[in-house]
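Shared chain: subunit A. Partners: subunit B in the first complex, subunit C in the second.
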Partner chain A sequence: MDLLNALVALTNFVLIPAMTYGSQLALGALGVTMVYGILRFSNFAHGDTMAFGTMIVILFTWLFQSMGISLGPLPTALLAIPFGIAGTSLLLLGTDRVVYRFYRAQKAKPVIVVMVSLGVMFIYNGLTRFILGTNEQRFADGERFIIRAREFKEMTGLKEGLTFKTTQGLTIVTAIVVVIALFWFLNKTRTGKSMRAFSDNEDLALLSGINPERVVMVTWIIVAGLVTIAGTLYGLDKSYKPFTYFQLLLPIFAAAIVGGLGSPIGAIAGGFVIAFSEVAVTYAWKKVLVYALPESLEPESLVQLLATEYKFAVSFMILVIVLLVRPTGIFKGKSV
Partner chain B sequence: MKKILLASAAIALTAGSVSAEDVPVGVILSFTGPIESLTPMMGGSAELAFKEINETGKFLNGTTLVPVRADATCVDAAAATAAAERLVTSDKVVAIMGADCSGVTGAILSNVAMPNGIPMISPSATSPALSSAEDNGLFFRTAPSDARQGQVLADILKEKGVSEVAVTYTNNDYGKGLADAFIAAHEAHGGSVTLTAPHEDGKADYSAEIGSLASAGGDLLAIFGYSDQGGKGIIQASVDTGAFDTYLLGDGMYADALLVDLGADLEGSFGTVPWAEGEGTELFNALATANDVNPDSSYTRESYDAAALLALAMAAGGAATSEAVAANVMNVANAPGEKILPGELGKALDILAAGGEVDYVGATGVELIGPGEAAGTYRHFTIAESAYETVEFK
Partner chain C sequence: MTQSLRTILLFALVAVLIIGTGILQGPNLALVILNMGLVSAIMALGVNLQWGIAGLFNVGIMGFVALGGLAVVLTSMPPVAEAWAAGGVRAWAGILLGVFTVFGSAMVYKRTRKGWLVGLILLVGFVAYNWVRDPAVSAIEAVDPAATGYLGGLGLPVVLAWPVGGLLAAGAAWVIGKTALGLRSDYLAIATLGISEIVIAVIKNEDWLSRGVKNVNGLPRPVPNEIDLQNDPGFVEAAAGYGLDPTLASTLYVKTGYALMFAVVLVILLVLSQLALKSPWGRMMRAIRDNETSARAMGKDVTFRHLQVFILGSAICGIAGAMMTTLDGLFAPTAYQPLRYTFLIWVMVIVGGSGNNLGAVLGGFLIWFLWVQVETVGPDIMVFLTSGLAEGSALKTHLMDSVAHMRLLTMGVILLLVLRFSPRGLLPEK
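This part shows the complex of A and B:
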């Protein structure tokens, strides 16, 4: 019985939150890795693209809510996601046409394009704030919990509660579906294969008659889809605030680099490595150990490896170690 | 198009040069960064006071105060210092209303205000460390020090008989100052703290902090953060995992928006917030509403008072100079003298011009003590049915 309590506490405070956060990071890192693999630069505007895509989803959600359309227990925002993806695609394709295409034609060095994306980031940053403002917005509706702590305790008679939110379930399920769809697309379809070819060897791909502009366009549309879904899931699960999305850039990049830039599998693995290392290494294991161990071995202290203020240090330590030992990331990506 | 260009060029020219009767004053607040959602209202309130002064036409023979805004960023001391330096050297401001966050306020005070002899009045920096900071008599604040709030919070816990608490604070000068003051007072009352875990604002995920705090346990969780930042993220994460049921909330957590979002989960939680009530507050609310400033936003009253004090100190000194402000802020803020409420700045100018004395009460019942900081009245509130209920004033 006590082992069961330990397991529930661990699931509630470590496994579920880290799984959810990891899924959100993985979707974000997939977008970064796609841009890096195919367009060959680190897109600093990624976090603010997420904020922009989510903003459109929020605006459509409000429209649907005012029209009385809803999905019952599921959040209405799910209905608005396609519109968000469409809007973000337009923005990204427009930016590509006006900005990135110029630098591509110049065959500019990646570091120059990175700086350009920094400029794009500030413009997106202002755009989102101009339209929706700086404040926090809430757009989640429907049923909030699948299981509540109190209900779980009554149901099972355990001392520890377990909560599982609708948005957490939704995040994990959607992430799995999106990842499967993306891998199917990249491996099975003609366009997907041409994108991989373009990523592996640009000159060879061009020689074999692949249209580069088409590859670039499809990449931006996929990135728009990934960021809008990731941003919406994150906003539903936590909250929407442009500033927070800007800050998300850091863990997302850490995830993409740890996994191996340019490698989709790596992006997913990296997302979970970063999320679990942030939550698990700084977790105070006292509660779990008190349940799991016999009374004589019960710990007096909190059994915390590191204080929570070091949680970012943990993910960046992993980043440094990975770059030292395997500069291409866990799954062989391109070296940075 | 040509006309627009000409007009904007003309405006740019006139904006660059300040005429003889115009006196620039700095309004340095964090218009970008973690508290960017609060500062537009704070800036608006300060400018409201300057506008009121200017419209009377009685300020130092028709001198006009021109507020110049600058961005304090809340978190970046170097950027805030540079912005303040620009205000002093390029815009030639004689005094500064600001800054807002305690960290950047301290940086501006020591790096810019003291070397240049520019007085500053902060509406919202509450860190206890600023009470003892070296300031050459140049630093004032219309917000009370958190040393007192920590004591008030601990007193409330003692009355309620709560002894074991977990503490989380926003990792900056404000959060740390308040948390330290609270923990010291709480332990002096015989209470204990199971774990103190700082949290960073604007981060993506707070499950690590809540995991550790829940494992350490406690009767309630004390949160000294911001209601639209990490503090809210912490409550959300705690509700999501069922970690704590009751929260003790510092003043940064007081916001109506928080109740709209999480009111049902906060049932029975309680805390303190610097409060002012009475005629001055009501007058300010009416004045602000009439000028499109939302008076319910945090620290709007303190901002109005800070700006009004700057202007009245100049009037009392008979010159729009830094020295006049530094020398007269305490005199106009405290008794003796005629009590001055918001909207009565014209009357105050008349009295000062006639050589009389004023006791500025303003929107928050200003009373500056010790090294020039507000004494502060705190409202002990509790949350019932998604609304704040006043328990008492302390």
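This part shows the complex of A and C:
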């Protein structure tokens, strides 16, 4: 038995990746939940909006790299994020003006707007592929590691190494900063309060003189910020491929629904629930168990519950269980 | 213009488009478009049953189509005796054990409502399942992995695979319908999206079942092989009688054979759907769609009816999927892309006219025609648009390379335009 090494292995292979992935999902799910709360539809174009925002960030990153601008140890992409947010905001506001506003004025059924968002998804998807293609792109630069496995071993004298990538650290820190800023905005500022009022009760909000178009505009800008940041962090941490972003739709929606659609806190909780279960179920626990258990109990198999390819099944199972047991999610979301 | 005149004119337009393709771009392409158009029309019919008539939002069509394709492999490929001997029975026993565990735990939960008992059953079942299944699977996959490495099918005629594909899809639809129907419409959408991704993941990774990403090719065909026809003196003579080159004649003969078989299936399903739509059952379904609460008040079992129509629509998609794989002669799990097999079908239904079976069929043909033609005509348009740019400039090369992605954009624009300006589609519901 060697609990210390078990703990290090656990941190290295489960806790850190799950924290990172959870932060990325939480940011994505916050976007879905905001659109759902204010605009009252499930936005199927979300994954492709994420791909679009990240694409702009990548293009600006390449521009900065060619100009020789860098952030030293940090990835250059951080400098490009504001431009990405601006570009995505323009795209989303333009889409709202041309497409969604018509249905809002008509008070169309939510499911019709969902269908419209399918069309928007097609267009964003085409745009991204048209500009950047379908291939995998790498745009991470700067210092790759905060802690390297070898240095960690030398430092502590343990058998098990611990790696902590810059992108992982960056993701967690950024997610915390963004979430704090968002909650401050929603709870303390006038605009944020009017958004919450609008989400809770549209009629009362309109009666008290809140301008709905302004609320919608601010929502789209916040969503642009959230998706661009989430997409860039995911792309830095793993890699950028438009189709992967489309597939992220499922865990992101699962996170938002598990937490309770329309509830920002729920989106964050949901993101981590999904991420931790996905990593825990698809990780081969043998390494940790060999350290943690007495020798006689050591497992022979890999102790992997599901192959990594089935990670979608995990978000799906959790989704189904939550829907059956508590249809409005962990933090009572709204149900239309 | 009356509805029936409009229907006739629009179908005539489709006929003109396909025949025009035959004259301008060769009869082969026209038949390719026609064949997949027929398959697409059947898929659109299935989706129309769910959305147009019952108002169920299913975004997992791809999964049901892929299950249909799997049915072709499982039904028609010859069994691999060596692999069966290596562990076929044990592998299926493992699957059965897994299924019993899941259903058993669901039953136990219903009867006792004890979470810990369900957890225990699942855990024990899962360990037993792995213990039974894993050695069998490795043994099967080790049997000549380059050529087989899977159990093969039942060696039955390939046409039987079509109803089997429908049954397989219906089974999957029953499971998902039991869990997700009765919840909100968006939840059903997410659930179906998830299940279709899972189906594809299973097909890609369970090599012992259908060779995974190694593909199964050389599937049996319901029509003769082109090469055999070319070597058949009788056929060559007959082709010469029509003044046709034997190679061209054989491809046309085979494709026409498929087209006739597909047309028969489409007509049968279309007639059944029309009868269903006009029957008391169809009126009840539309009543449920238009006002669930009052339908419930009239004593209709909404959840059961939703489940029923969801299974029927998915089964139709499964049949179409099996037909498509038969046409391709190849089962390639990586080819299943949601944009192509789920969302494109949705565009067909919406453009054609949801709630109208003929509209769905029309949309199937029309959108499929556009989908193919945007690819063939797109590069020409791009050559024209970029003619002002210098030859070999980076922008021009990039634009020419990306022209393939134009079709996604085109489909998106078409969908948005129809939803905005003609939300009831080309052939609206009466």
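Here, the second predicted complex is superposed on the first by the 321 of 336 C-alpha atoms of A that agree within 3 Å, B and C clash if a C-alpha of one lies under 4 Å from a C-alpha of the other, contacts with A are read in each partner's own complex, and residues count from 1 in each chain.
Rule of thumb we're sticking to: a contact is a pair of C-beta atoms (placed from the backbone, for glycine too) under 8 Å apart; a residue touches a chain by one contact, two chains touch by 3 or more.
All values reported here derive from a predicted model rather than from experimental measurement.
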Combined model on subunit A where subunit B meets subunit C, clash or fit: clash
Which superposed partner A:I229 touches (first subunit B, second subunit C, both, neither): neither
Which of subunit B and subunit C A:G126 touches, first, second, both or neither: second
Touching partner for A:W285 - first (subunit B), second (subunit C), both, neither: first
Touched partner set for A:N135, first subunit B, second subunit C, both or neither: first
First (subunit B), second (subunit C), both or neither touched by A:A307: both
Which superposed partner A:L323 touches (first subunit B, second subunit C, both, neither): second
Which superposed partner A:T244 touches (first subunit B, second subunit C, both, neither): first
Where subunit A meets both subunit C and subunit B, residue numbers: 133-134, 247, 307, 309, 312
Footprint of subunit B on subunit A - complex, ascending: 9, 12-14, 17-18, 21, 24-25, 133-136, 138, 148-150, 161-163, 165, 168, 234, 238-239, 241, 243-244, 247-248, 251, 275, 278-279, 282-288, 302, 304, 307-309, 311-312
Touching residues on subunit C, where the partner in the complex is subunit A: 55, 57, 59, 126, 130, 179-180, 183-187, 189-191, 193-195, 197-198, 201-202, 204-205, 338-339, 343, 346-347, 350, 401-402, 405-413, 415-416, 419-420, 423
Contact set on subunit B toward subunit A in their complex: 33-34, 36-37, 171, 195, 197-200, 202-205, 207-212, 214-217, 228, 232-233, 236-237, 240-243, 257, 261
Residues of subunit A defined as touching subunit C within the complex: 41-42, 44, 99, 102, 110-112, 114-116, 118-127, 129-131, 133-134, 246-247, 249-250, 253-254, 257, 261, 301, 305, 307, 309-310, 312-313, 315-316, 319-320, 323-324, 327, 335-336
